[in-house]
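In the two complexes below, chain A is the common chain; its partner is chain B in one and chain C in the other.
Let's turn to the complex of A and B:
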């Protein structure tokens, strides 16, 4: 409780500066106004629908991008030919701001799910490829030789040795990608969209209904925070056998 | 004679290596060119490589690349500089003050995963669509990663070192400037390296959403008028910009902090 006191103090301060007239209500609606607006949007179902659109675009894109990234990362780490083919492409596209593709994708695919999700997939792909590649490459050669010497078939190697050993590094990449996925979906929705929380925030901002704009922003911040916590909980569960996680936790 | 031929062999090997490295990129270019040649896609959607390159040259000569690029870079780096100053000062203070740590920790952990780009309409409302709102949005996006990176460095100083310094009568301000700040420098640099691309992306994206000039604004303008070759040129410029700065930061690191290894370069 004591830990969360600063958050409450922050909200109280926010409420106070608006109510006491320090800040103009037209520039910053008070906390209660924002919550009331959010409540209104909830009752009309507007916020739920738009949040759902943004969430499935973000997390759907994240899931596709992560799966592709793991497959490509595994391929690159285990086959020299695949590495030689994909490494230059990864290196070249790594520093491209993925949001710059949004206008091009709008031209190609129109406004909507495909444009938003494809951008998210591309943005999530790279950190997961890098995470997987580094994780697999870090598996000690002796482990691989021993497994091979014992006649372990390739699919067992993959499932029992490579993936578990690389899991920590893969998940680090996925968490990085989670940070990108909401940003890119919202960017795409603010540039052009028919639905989504980015569109909602932008629309209410343009039309001057600021309490609703802040309400939408508050909603997406909560969703992004919850997604991050959920992913961390999932990571802890998947890595519960990994000593280094507990060791580092104790260290801190 | 001997060295001459070995130099020749070396340069042939270098060319071979470069070809081996870049063949996937050349394949992509080839596929792009063939698709245009066979008229698989309309040039409105995918102009051929030559058109894009000649458009690049035209725009370069007319200053339509350099002008917007300078605007975007100034915004990105002004915002980044602001974020570094605020982030480092806040982190160093947090590392030394229990109360500030208590007060800021929950706010930071709530704000950290938030998609900052969603604040664009609010920054427009508060600061307009010009430089101020973009610079502050970049600063807002970069300040938390900078703060967290610096804080890790500042709290990484061993307690023994701090105790020894205090036992020798080091004042709190000297402790900060002479021990904790230098010890955090590699972490601060690491933070800057991570946030340089973030600053660029945020500046470009904010311009794409809100207009107000810069590369992002120019890109959206070209898209709205279906000037597809220009769209490709601006995307290419953004790619090169990101690439150049990433490599610049890597070189800086190997010069300034050579003891840090290169494993996270990828």
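Let's turn to the complex of A and C:
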């Protein structure tokens, strides 16, 4: 429970500055006001629907982006031709802020799932490509040699040796991507959307109903945190054989 | 009959300052069922020789024939045990041992039967479903040897197989290897820097020079191995030969 202490202190401070009048209640709702607003949004069903939309856009985009990233990363790590072709594209687009493409995507694909998810896919692609590529490149020669000595055919090598050997690095890329996916979905929804937490936050922010806006933020924070813990639990299971530090151990 | 026939094998390493010869025209025949050990100073290219024999790295000249056929790459006729074990860490003990047989296409029931027999032989009953990270160094090396024996290669290539173990475990493992070899009479080529290990286990010890590695001397080991380790190691014959090999290796290290 000790690890939640800073979080509890933060909430207490937040509540205190509003209750003591250090910050005007109209500009910053207190924690209890925010929870009450969130409760209201939950009862009306407004939050559940918007959370669902944001979550499937985020995690759907993450899944598609990760799969594509793993395929491209494997291809680049095992084929010199693929590496030469994709490496400059990866290097030049890596630092490009993907959110800057949202207005363009809205123009092309309109307001909705495609725009949000495409942005997420693009953002998730790169860390997963890099994780996969580096993971495969770091497989020790001795592992490949012993696999070949035991008669592993070239087409089996990928699935039975390279993929599991690179798993830690691949999943680290996916976890990095998970951090981006909610941010980008919400950015896209804030620019233009019919539904989603981003749209909800923007709507209540514009109309000055800050407790509801903060309620929406609180809800997505909880969902994003839960997604990360879930991914870490999955990583720990998938990497239960790994003798290096476990994913969750970084946080305990 | 010669199982392995190496002729005029050359290997050079390319560096920025030009080629560095790693091996200097090595010729060597190994008979079927023979246990040969290659020993030499570190960096003499003895592991390189073994990797070329394994088919992992190409030679720059000369030929290697196994049963009369020139080798072109790794093959399941040559089982390799590496110093760092090279087990697949994501597979359990039994999955590691079954892996080679799986690649040959043997059905699950058949390969698990082989694996269970080997697990009994190496004394790891109860550890079937453990991952390598949960095993000690000695246990990992037992698994590494078992997974190589599982698909029954004609030749065993051992690259300092016990180098990473403490001396007690190393002796136990040497005895186990000796027992296995006496029972199965596979052709074995082992690389080591441990003189006692070389003399204790092999029928022939080849001493290599510093780089470029050349075979400078050959010792025939005619020891009675029917008795216990103590009987062998404390015999005059063992001591005499051990000293001779040690002196020869030492001369190589000293650059003599």
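In this section, the second predicted complex is superposed on the first by the 233 of 252 C-alpha atoms of A that agree within 3 Å, B and C clash if a C-alpha of one lies under 4 Å from a C-alpha of the other, contacts with A are read in each partner's own complex, and residues count from 1 in each chain.
To be clear about the criterion, a residue touches a chain if its C-beta (ideal position, glycine included) is under 8 Å from a C-beta of that chain, and two chains touch if they have at least 3 such contacts.
Here the structure is a predicted model, which means the values were calculated and not measured.
Q: Let's test your reading of the overlay: on chain A, do chain B and chain C clash or fit side by side?
A: They fit: once the shared chain is superposed, the two partners occupy separate space.
Q: Would you sort A:117 into first (chain B), second (chain C), both or neither based on which partner it touches?
A: neither
Q: Is A:164 contacted by the first partner chain B, the second partner chain C, both or neither?
A: Touch partner of A:164: chain C, not chain B.
Q: Regarding the shared-chain residue A:89, is it in contact with chain B (first), chain C (second), both, or neither?
A: first
Q: Of chain B and chain C, which one touches more residues of chain A?
A: B
Q: On the A-aligned overlay, A:130 touches which partner chain: chain B = first, chain C = second, or both, or neither?
A: first
Q: Does chain B (first) or chain C (second) touch A:200, or do both, or does neither?
A: Neither partner.
Q: For A:224, decide between first (touching chain B), second (touching chain C), both and neither.
A: Only chain B; A:224 stays clear of chain C.
Q: How wide is the angle at the Cα centre of chain A, looking out to the Cα centres of chain B and chain C, in steps of 10 degrees?
A: The angle comes out at 90 degrees.
Q: With the two complexes overlaid on chain A, what is the closest approach of chain B to chain C, counting only CA atoms, in Å?
A: 18 Å.
Q: What part of chain A is in contact with chain C in the complex they form?
A: Its residues touching chain C are 140-143, 145-153, 156, 161, 164-165, 167, 240-243.
Q: Write out the stretch or stretches of chain A touching chain B in their complex.
A: On the chain A side, the touching residues are 3-4, 6-7, 9-10, 27, 84-86, 88-89, 92-104, 106-108, 130, 133-134, 178-179, 182-183, 186-187, 190-191, 197-198, 201-202, 204-206, 210, 213-214, 217, 220-221, 224-225, 227-228.
Q: Show which residues of chain B lie in contact with chain A when the two form their complex.
A: It comes out as residues 20-25, 28, 45, 102-107, 110-122, 124-126, 197, 200-201, 204-205, 208-209, 216, 219-220, 222-223, 226, 228, 231-232, 234-235, 238-239, 242-243, 245-246, 263, 266.
Q: Enumerate the contact residues on chain C facing chain A in the complex.
A: Chain C residues touching chain A: 51, 54-56, 73-76, 78-80, 82, 84, 86, 88-92, 99-100, 103-104, 131-133, 147-148, 151.
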